[in-house]
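The first chain written gets the first letter, and so on, giving A, B, C, D, E, F, G and H; residue counts start at 1 in each chain.
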Amino acid sequence: MATTVFKRPESMSTNITHYCPGCTHGIVHRLVGEVLDELGLRERAIGIAPVGCSVLCYNYFNIDFQESAHGRAPAMATGIKRTRPDTIVFTYQGDGDLASIGTNELIHAANRGERITTVFVNNAIYGMTGGQMAPTTMPGQVTTTCPMGRDVQTMGHPLRVSEMLATLKTPSYIARVAVHKPSYVIEAKRALKKAFQYQVEGRCYSLVEFLSTCPTNWAMTPSQSTKWLEDTMLPYYPLGEFKTPDEEE
Amino acid sequence: MQNEVVIAGFGGQGVLSAGQILAYSAMAEGFNVVWLPSYGPEMRGGTANCSVVVSDQPIASPIIPHPGAAIVMNNPSLERFGPAVKAGGIIIINTSLINIKCQRDDVTQINIGANQVAMDLGNGKAANMVILGAYVAATKAVSFDVLKATVREKFARKPQFEELNMRALDAGFELAGKQM
Amino acid sequence: MPRVTIEKDRCKGCSLCVEACPQQVLEMSLDINVKGYFYARPVRAHHCIGCRVCAITCPDVAIEVAVHGTLYHYFDY
Amino acid sequence: MGKKVLMKGNEAIGEAAILAGCRAYFCYPITPQTEVAEYLARRMPEVGGTFLQGESEVAVSYMLFGAGGAGVKVFTSSSSPGISLMAEGMSYIATAELPIVLINVMRNGPGLGGILPAQADYFQATKGAGHGDYHFIVLAPSSVQEAVDLIVKSFDMAEKYSNPVMLVADGMIGQMMEPVELPTFDEPPSPYVKGHEKWATTGAKGRERNLVKTLFLNPHEGQDHNVKLQTKYKEIEANEIAFEEIDTDGDLDVLLVSFGTMARVCKTAMESLKAEGVKVGMLRPISLWPFPLQRIRDLADKTKLVVSVELSMGQMVEDVERAVQGKTPVGFFGRAGGIVPTPDEVKDGILNLMKES
Amino acid sequence: MGKKVLMKGNEAIGEAAILAGCRAYFCYPITPQTEVAEYLARRMPEVGGTFLQGESEVAVSYMLFGAGGAGVKVFTSSSSPGISLMAEGMSYIATAELPIVLINVMRNGPGLGGILPAQADYFQATKGAGHGDYHFIVLAPSSVQEAVDLIVKSFDMAEKYSNPVMLVADGMIGQMMEPVELPTFDEPPSPYVKGHEKWATTGAKGRERNLVKTLFLNPHEGQDHNVKLQTKYKEIEANEIAFEEIDTDGDLDVLLVSFGTMARVCKTAMESLKAEGVKVGMLRPISLWPFPLQRIRDLADKTKLVVSVELSMGQMVEDVERAVQGKTPVGFFGRAGGIVPTPDEVKDGILNLMKES
Amino acid sequence: MATTVFKRPESMSTNITHYCPGCTHGIVHRLVGEVLDELGLRERAIGIAPVGCSVLCYNYFNIDFQESAHGRAPAMATGIKRTRPDTIVFTYQGDGDLASIGTNELIHAANRGERITTVFVNNAIYGMTGGQMAPTTMPGQVTTTCPMGRDVQTMGHPLRVSEMLATLKTPSYIARVAVHKPSYVIEAKRALKKAFQYQVEGRCYSLVEFLSTCPTNWAMTPSQSTKWLEDTMLPYYPLGEFKTPDEEE
Amino acid sequence: MQNEVVIAGFGGQGVLSAGQILAYSAMAEGFNVVWLPSYGPEMRGGTANCSVVVSDQPIASPIIPHPGAAIVMNNPSLERFGPAVKAGGIIIINTSLINIKCQRDDVTQINIGANQVAMDLGNGKAANMVILGAYVAATKAVSFDVLKATVREKFARKPQFEELNMRALDAGFELAGKQM
Amino acid sequence: MPRVTIEKDRCKGCSLCVEACPQQVLEMSLDINVKGYFYARPVRAHHCIGCRVCAITCPDVAIEVAVHGTLYHYFDY
């Protein structure tokens, strides 16, 4: 008899995503679905969709969802979790959403120790609006609003969100992972599962940053994107756990 | 005189730039013109279309629910815009990618294997020029010479494409001419 | 024997799975699916070791993997 | 109703929310309403509720959204600049039809302005600070007692119409103490919104998943949602117009239209006007949206002059003009900068307008 | 005027700002106006100007304040939700009387809504998104050419009145290409605001220090500043009302009032209405604030029905009602969700309203 | 002949401040005035006043000033400096202003490397509005919005702004100082002078965080406040330079 | 019947709480009452004042430009509110801190060395109670017994202050009585 | 000889200078200034060493220090 060793998780819907071919948003979605399944959280989970390419991510999950305004997902999650403490609440956010317009909500949700999890998809660009610079855009990277490439003299260096958040005393778990290759995906899932597990245990804020590709706005094929991420982003955005609960408790 | 056309296809088929070239040509001829893209959901993929209105009068509404012509580059475009063209109008069909039938009998249908023709000329990307040539042959919305001059200007800095595009326009123009 | 199934019309033709498969089981098609994409398909199915790497890589949850008999636990996932 | 207690407006506002069943309050400090927050910082924990000071009014507006979308009765208070920062959030909340309640204890503006009483956020409240076609129900109390009563009512209305409600008071109502009778209930109201199981996000256990959203990429879906909202707004306009009339019997020389604290000053001014032989009446709108257009229109038929009296440079007067439809002249008397005119100043202002008209 | 070029609305908007002398642009991306930013990201460096993508619209509104307060001509563009986030900043900018220019390329709402064209931010633009008594001058172009012309004019008006100016276009005007004649100048306009030395912060070298502020803790100072603003607003109302009239000679069966893209659709609909024997005229407000109240009032005297036609669920119609003063019935035709009605739909809508009235 | 060895700096006005007795806002003001004088910047300087007790700080300086909305001073400063690059621009901000509502503008001005200086006055409370909790409020500290004292379980730990900003790659200079005793004041001035000096040299963002007292809302005498700052705040908020330009250049 | 009083002094002199006690007393007697503080700039220091209106009718305007009485605890308060009191009204002056003259001859002036009296009773902080006692003696706005009961209730949990405050009220009441 | 001058009506009576002076030169007054504050004043002026510590401490810029003759440079300020 055949054993199915890989299939779509229950927590996901069957809808086909609107993402571009090779866009790793899809992988991150699946990991969220798998982790919710494996921890048995589907019926307690509430997701918050951001504004960004993943604005429609609620279509791809089979769980309760709220859709936020641009950048405000952590505040929305706070409103839910504080008043519905038995639910499992997570935000799904891109780098423009979380690291530009929404940095304040992010930092303060983390610093208050909201008992929520943030799934942060860093693709170094504003995907949805067609490829503008993000605070996470790499030096020299060409985007429509830095057509000569990001000049660190006038636009500063890329923002390392995980490192920054890890300086806060409050949050429980901060990690950076990547999903451009299967070996990284496997590691990424481990981190995400920990993050949700900590929430289940009643620990406070957790965040997993996923380095992700945007073939369309990087103007690359999916496999070129994979390589660019590896060569350009990985050295600047080192992977790892920047904060774990044990450190502080 | 007012000519309206909607040009529709997959994203990446060059339907927006074909429309722009038409608009530039019309302006060069001294006409009033409006080029209006559909700017659907804020994300990649899917379909794209634009409409171009050319007129010797000031153009009032840029919204043309029933254009005089449609250029359709793929199946969904034919399904969506085929029925919209006004009676007596023209539909130009990219038979390279369209395998469904247009059910209208009150319009002129012109079939162009645009991708195939372009591929034969050396680059499938020129399919939009092939079909634009066909459109101008069929409607005389702008003069063919002005159209060619516009394309030449646009590709002035990429001579390798200039030649290809000229031949694509010619090919479409001739193919349509034969069907009129 | 492991069996990899690719849902043709979910596939967006990114070819990441093809690149990822350690056994060269998969290849891209020459014709297009309903969405207009060339799609991935198993062409050397008998080489498949059921490792799930292709499925793990797929951004579009288009791949399912089933295993008959012995299940090698190459990695935790 | 229970026994009378002397309470500061801001504290009474906080207590009223608790009485209405509300157990979730998010806020950001700003004068002249910070005492609402300070009061609830003590009270909410006592009743097992949630008190949270957010990082900004922007964040607070989305905490409201989140909690409202989770089906709980939720409340906030702020003042003019803080409300401006909620403009985007208010548009979102109205679109998602979340039954939240919010009070703006208005201060003088524009800009940073000052902290003294004002009514210059009338436009913002009634025409929408945010983008798009939406409405909050807007209510304006003129005493501490009425603030309490209207807050309790607001939670009911919000629940009934699945629509946010905004109260507008001015700094004076927040700061003053008056005796109030706090309402009592046979059965204490629930902290949850009735029927929320159908739409709120609480975890999809044993039901279809719920979705709270404001994105309508398909224009027909967008149009339909807008039509749905407008239908509801029409219903609210039909049911919920509220106002108080004073001395409007018989023909009038002048009809004052005024709300909140300003209406109280007008009441005193009316005594002096009557003493000078002026036939004066007043209509005090309690609901600013929906606005008592028709009633003012009817009264305009039998009055020589209608005057909108506001703690602003002239905002409600536009709705008064719309109501009056040119039947009779419309005048305006107002003050800004936080100055509350004395009854005598109002009297003189009215007399001047009567001379001019 | 120079030679005609075919330009996309959003790009023409960017170029027009540069032609007007503006060398400072701060922005945050949002569809359907991101091309303004993308265009200026290339152009500003070419002309030695400042292009900066801020972290949010909230921040951008205060970058405008800062640059405006430093006496430079400064510009931004955004779309509905982004404009809502500037509500507080707009109140501050108007209070400080900073001559900034801003365009809202409106999309469908409320909430996140969608990215298709709309005109449902009329209230927000004309009645004030922010708190307190203030006004932006609000102008509405209906073609790419007019967008260019009005932007150039906006910088002049902003400078002349020390008042911010907002343009409202809809997504369609931003997205479409039309031929435009770009204005030419004998002397290129200065990137600095005339007379800024008297009030702007540039370093207090050889003069008294300058102070740009919006705090008025003393109520009399607050009142005086408000009166000063109102006096200026009256002056603007006296000088700057702008509109276009089409076929308004003689008696009318119906007068359409419509702006922006919607007015163009109306123009086509008017042809069909005339073909059916309807005497139809149109007034197209170009300045939404100040609004052409008096002219509409005058036209109402000789028309059987006035209809406000909007890409919204009915906002400008309130000002039209205020203008008409009950002289004749006022109807409304509109669409939401991003749907631009076809000329035929408008025609049918008007005919229905005529039947009902 | 007598040499005046200490007097009011030129860059200050003669107005008496509205601050409470013993409030160290006044000391920070004076340091700003002295540094502007000593570096000869009075005629190039533009200050940005925040919303907070120092909302009226423009009254106490004899230089150009703009007054910001709550938290937005760094954005306003950006608008000025980008368009008037020859000026010397600084923001003066309290902890509510900078570390709560204005964290986003702060982080992004710093991360873009705006050539401005921030004078950050951290008194662990919202002074102006009468003593509410700030993100910087100490654990257990009683305020009007945490009447039982700040509970780190529900409100998180105090935010250490300087440490957080120092993780950013872009900014030039980040330091924390105190002004509750003369020896600290002397050190504080050195840091502030460096910060302005760097701006003069064309280096990018600098910030000096001043630990400051609020006797009124701490409900203490000025000298009790001094002691509380020393005993309670100093251990949690260590003084020092967290980032200097040399590190990165 | 309507009684209005404004009570003004330095921040910290207890003028707001004196007004509140008056308001509580009036409510206890079944009157309508409004207590309204000035809430000046959002910062510490400076002056404070409040007004209390007591009436047997519903109270319309809470703004009383010309109150029937003023209690002034320091020089600036006398300067500001002295001229505002209506003709025939009463001004109660804290002579402990006021060394300027009140120029009105159309009002009753009552001089109370409130700080001194309170200090003599053992705590200068009770100055506000001294002067409140004087006010009630002079105006009979509320019954003195109710006033005392209110204060007693308020300090029920601090008996050491209760006694002091009772004596302060009495002292003020007597001193004012002598001047009537 | 050093001379410390305190502008009486600027002083808010916080007494931080009194606590800071290494020479116990200063003391708080027993009467109040125009603002109603007890104010600091030099009572042992001849002990003053002109160190400026009081002035550096004063939040209200109420203190000026002048020095006659030799100027000891105790610290950089």
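In the analysis below, a contact is a pair of C-beta atoms (placed from the backbone, for glycine too) under 8 Å apart; a residue touches a chain by one contact, two chains touch by 3 or more.
Small disclaimer: the values here were computed from a predicted structure and weren't measured.
Grouping of the remaining chains in the absence of chain C, by touch, is one piece.
Of the two chain pairs examined here, D-F and F-H, it is F-H that is joined by more C-beta pairs in contact. The distance from the centre of chain E to the centre of chain F, with each centre set as the mean of the Cα atoms, comes to 39 Å.
Centre-to-centre spacing of chain C and chain H amounts to 83 Å, using the average Cα coordinate of each chain. Per-chain Cα centroids separate chain D from chain H by 54 Å.
In chain F, the residues that touch at least two other chains are 19-20, 55, 67, 69, 100-101, 103-104, 107-108, 129-130, 135.
Each of the following residues of chain E touches two or more other chains: 31, 55-56, 58, 81, 88, 92, 112, 114-116, 213-215, 217.
Note for the complex: chain A touches chain D at residues 42-46, 48-49, 55-56, 58, 61-69, 72, 75-80, 82-84, 86-88, 104-105, 107-108. Interface residues of chain A, counted against chain C in their complex, comprise 1-8, 12, 16-17, 19-27, 30, 181-182, 185-186, 189-190, 215, 222-223, 226. Partner chain E is touched in their complex by these residues of chain A: 51, 55, 67, 69-71, 96, 100-101, 103, 126, 129-130, 132-133, 135, 144-148.
Partner chain A is touched in their complex by these residues of chain F: 100-104, 107-108, 111-113, 135, 152-160, 163-164, 166-170, 204.
Within the complex formed with chain B, the residues of chain E that make contact are 4, 6, 31-32, 114-116, 171-172, 175-179, 261, 264-265, 267-269, 271, 340, 342-344.
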